[in-house]
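Shared between the two complexes below is chain A, which pairs with chain B and chain C, respectively.
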Partner chain A sequence: MSAIRHPISGTPPRRIGTLVDKTALLAGPGLLYLAVLYAVPLLLLLLQSFRSDDGGFTLVAYTSFFGDTYNLEVLARTLRVAFLTTLLSLAVAYPTAIAMNRAKGIWLTVFLVALVLPMSLGVVVKAFAWSILFRSNGALNQTMESLGLIDAPIRMLFTETALVIGAANVFLPFMVLPIYAVLRQQDDALQHAAASLGASPVFRFFHVSLPLTLPGIVAGAAFVFSLSISMYVIPSLIVGETQQTLPMLIARSFLYLRNEQLGSSISAILLIIAIAVVLFSSWLAARLGAKE
Partner chain B sequence: MTRTDQIFSRLSWIVAIATAAFLMLPIVITVVVSFSASPVYTLPPPDWSLRWYEALQRKFGLVDAVLLSLNLAVLSTAVSLALGTAAAIAVARGQFPGRAAVGTFVVSPLMMPGLVLGVAMLQFFRDIGLRDAYWSLLLAHVVITLPFVMRTLLAAMGSFDFSMIDAARTLGLSYPKAIAKVLIPNLAPAYLTGGLFAFLASMDNYPISIFLTDARNKTLPIKMLQYLEEQPDPSIAAMSTGLILLAIVVLAIGARTVGLNRMIQG
Partner chain C sequence: MPADEGDVVLGPRNITNLPAHKRNISVVFQNYALFPHLTVAENVGFGLKARGHGKKQIEGPVLDALRLVRMESYKDKPIAGLSGGQQQRIAVARALVVKPDLLLLDEPFSALDRKLRETMQVELKSLLRDSGITAVFVTHDQEEALGVSDRIAVMNAGRIEQFADPSTLYARPQTPFVMDFVGLSLRLNGAAKAAGEGRSVVETRHGVVRSDVGLAPGKAAIVGVRPELVRAFSSVDAPAPQAGRNRLEVVLEDVMVLGSKTVLHGRCEEPDRLICELPGIKAGFARGQQVVFEWAVEDTLAYEAAA
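Showing the complex of A and B:
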């Protein structure tokens, strides 16, 4: 395989050496850009959160954040909402990806359009559309009432359930697409082989399909979880000030309270969580890749 | 196919169709509301009208915001495609220590909290004395768009046959020319996908932009949220319907030229 793909490997080694050096250099501009405008600002923010007023090292920002039960409540809510959003997205996305993998023609087009077209509707408008639906006099309550599912309008706007549904709606494509991508590379013959050897559908799911799709699940789940802990527009339109999340605390401390110290330290905490998610998911992906 | 298989298959189809409807729901609501005669959002609308489309013409602030967002999205996507092509070639073909780490690093901004990036950039720009809102936004939007471009280009270049570049060079093309004439046309779907997702991410960014705007430079999502908080009438829905129409045209062109599936998968 590699012999076919790189026939040039027969040329003298010296030439290859210079070519490789040049190729590596191509990463320079992009890396430099991200280093200066992305990594350095984040690093400065992190360092700032450990620096006391006289320039020394301190953990005061963290001890005061974790010493306040209200902050802990907000942190727990942020993680809970992100976890539930990821779980709901995965539960819905997995069967969808399977059906998409089998769909042809017009149905495949319908599914692909349903995944991509909503991205053209900005998150602001999307979250607002959900807030219209969730109002107590909104369409959802009216429909459920006329169907006899509920007796009186129930409060949905400003609840965590509404937030999870709205967030899953916005982030769902990022779960479906990676799972669909790994499913498409899967060989159907594996399923047939397992079936002809007498494996039950449930056994086949846990021993053939699931392990093969795990890289897609890890990629999708990590992405949706990161997006969910960081979302700001969706909760501010669907749950408002009543149920704060970490990003809402950050925005409030900077844009309304003008308390940069507080905002920076909460930012640093959210950043550490996000970095942990990135590192953990890429470690998991590497492990899965190594297994194959 | 056993009976259980059939039940599984049936169930996955039901979930998939429900998912498609669930995903389309906000679009349907937005379009319906935009034709409502009522100034408040009642569903279904009491009567139909085009008044919010007419009202749109009087909202000059909104037009400015659309133009600024388009400007930022086009320029930042173009810069990202250039930086991204070079970097992706290096990661796909170059040999240097930490290649995998570089691949993770260039895609990582996708998973960083937007507000935190916004705060960090605001403080950084202030430290280095950059006060211009437009330039701050443009520099920031390249950081937003570059990972989207990198993600699709890295995946596409992983399966691109680079001996074609070597062949083109043997035939006398310079390295940059070989990239422009062989690599880019071959990876056209990836460029389209990466470019499209990057463009949309820039158009839709709120959390980073909110820290970098000033009174004169307000991007579309910021202006829209401000309108919705101040005077929530359906003219925002009317404008969004226009943008949806534009997206349908882009999707249709993409579907005809490279195919929807290739376009979405890169």
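Showing the complex of A and C:
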């Protein structure tokens, strides 16, 4: 190798140029930004969760968190809501993504706008719009009562069901778009080939379409699950203090209880769950994509 | 897409309105359309699995099919690592293993390079002969069509112009479209003059061409001949005109030496084409040279030109 010289200058090419692609430097500002505004504060927060009042190391925040059944209830609710939200958004998103993949021209634009526009509306506006629809004297209850479907107003706000429905609505684009992206790459000829080999539509779905869209489903599920376990505004507006989730507990610890140690320890727990989700989904995606 | 009119009948079955998965017609696609998430063996076994066969019933036929296309050592490999030719072999095995009533090959080799395409044509032909499965082979490559088929339907704007075996199609094309589409030919536009029964004389821009095809006198006509049936002489050594042979005086526009043949192009205007193919490398011809093209009257093709 040392015999190779640059054909013009006669000097060997600079090592840095061969080892690191110079375009990788473009990631520099982004990395710096993440380090300063994300990694460092998070690390400080984590350290704080292990620091006792006299400055020593302690696990008391964690033992007391897991020792309290109320906290465990909140943890369970957070995971349950996130799981159900992921499931519901998948159920709505999959057919939507298929329809989008078939849509052409103006219809595709309509789909994309309908999907992305509500994101710019903000959760607050949505949540108050829902409360008009769902509250006890709201439009939905009044309509059902006047139709004789129900005798008394049904409590729809402030329930876990309402939270799951609301969250799935807000996070829907994060499930639709990855699935749509995978569907778009799929060759239509695969469906024709499967049909010509005698595969019924149901068989084609389970043995061709579904396996090929799994990477998109995994990505979408990871997005929605991560967003769901960390959501704060949506549960605050929909269920309030009655049905707390981990992020609400964190906010309460910092804002009302002024217990920074407790707040940062719950943050750490939330972070570990999020990391587990990301690692699991990337492992799953790699496994599913192994044959390609 | 529903049919506007007519029926599609396969053997005893009317399959016009049958959904694709019930037709028992296997298709081999131009882009192979193999399932990227399955292995080679799983791809080949797909049709049997879709028909509800168990693992054990699938294994044997899949191995046989892979052996047929000489890919058995790849059975557990993923699709992504295979070359185009290997992928198309798998696609053919996948289509054959279900024992279809009909095999439809939709330009199957057009994505392959020429040498590989020719190898695959030979392989496919013997595969189809051995398996006894009827195949419809769609192609734009005339040589491929002539080489692979027992019978060829030449289609023009949705209509069949001629349906015949390759030699008949090449030697006796029924319409000027077939003559132009299948292989090259020397062809000239002209006008038919009065001639005897079952014969014709066509006056063209480059000379008179006689044929053994009867044409109505006074009508516009097209005459042609396959270029390998044409002989060429420099004007000096040209033999004397003889009965039973057509003869044209031509100025050479181009001489192309292709190794296995030498192609002479005569000077003419579209849509006329003056072309002669001589076997091997022929010296002694040059651009601008005065030559004589001549060929047998019985080899001459003649048609009434469409109005």
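Descriptive notes on the structure:
Keep in mind that, in the parts below, the second predicted complex is superposed on the first by the 260 of 292 C-alpha atoms of A that agree within 3 Å, B and C clash if a C-alpha of one lies under 4 Å from a C-alpha of the other, contacts with A are read in each partner's own complex, and residues count from 1 in each chain.
Here is the rule we use: a residue touches a chain if its C-beta (ideal position, glycine included) is under 8 Å from a C-beta of that chain, and two chains touch if they have at least 3 such contacts.
Because the structure is predicted, anything quoted here is derived from the model rather than measured.
When both complexes are superposed on chain A, chain B and chain C fit side by side without a clash.
When the two structures are aligned on the shared chain, A:S200 is found in touch with chain B and with chain C. Judged by the number of chain A residues each one touches, B leads among chain B and chain C.
For the combined model, the angle formed at the CA centre of chain A by lines to the CA centres of chain B and chain C equals 90 degrees after rounding to the nearest 10. Look at A:L79: by the touch rule set out above, it reaches neither chain B nor chain C. When the shared chain is aligned, chain B comes close enough to touch A:T96, but chain C does not. Touch criterion met: A:M119 reaches chain B, while chain C stays clear of it. When the two complexes are overlaid on their common chain A, residue A:V60 makes contact with neither chain B nor chain C. In the superposition on chain A, contact is made by A:A27 with chain B only, not with chain C.
Of the two partner chains placed by superposition, A:M144 touches none, neither chain B nor chain C. For the pair chain B and chain C, the least inter-chain C-alpha distance in the overlaid model is 5 Å. Judged by the document's definition of touching, chain A residues 195, 200-201 lie at the interface with chain B and also at the interface with chain C. By the touch criterion stated above, chain C contacts chain A in their complex at residues 19-27, 29, 31, 33-39, 46-47, 49-51, 78-80, 94-95, 98, 104. Residues 187, 189-190, 192-201, 203-204, 207-208, 211-212, 288, 291-292 of chain A are the ones that touch chain C when the two sit in their complex.
Interface residues of chain A facing chain B in the complex, by the touch rule stated above, are 5-8, 20, 22-31, 33-34, 37-42, 44-45, 48, 92-93, 95-96, 98-100, 102-103, 108-126, 128-130, 132-133, 138-139, 142, 169, 172-173, 176-177, 180-181, 184, 195, 200-202, 205, 222-223, 226-227, 229-230, 232-233, 237, 247, 250-251, 254-255, 263-264, 267-268, 270-271, 274-275, 277-278, 282, 286. Chain B contributes residues 2, 4-5, 8-9, 11-13, 15-27, 29-30, 33, 41, 43-44, 83-84, 86-87, 89-91, 93-96, 100, 102, 104-106, 108-117, 119-121, 123-124, 127, 139-140, 142-143, 146, 150, 161-163, 166, 175, 197, 200, 203-204, 206-207, 210-211, 220-221, 224-225, 228, 232, 236-237, 240, 243-244, 246-248, 251, 255, 260-261, 264-265 to its touches with chain A in the complex.
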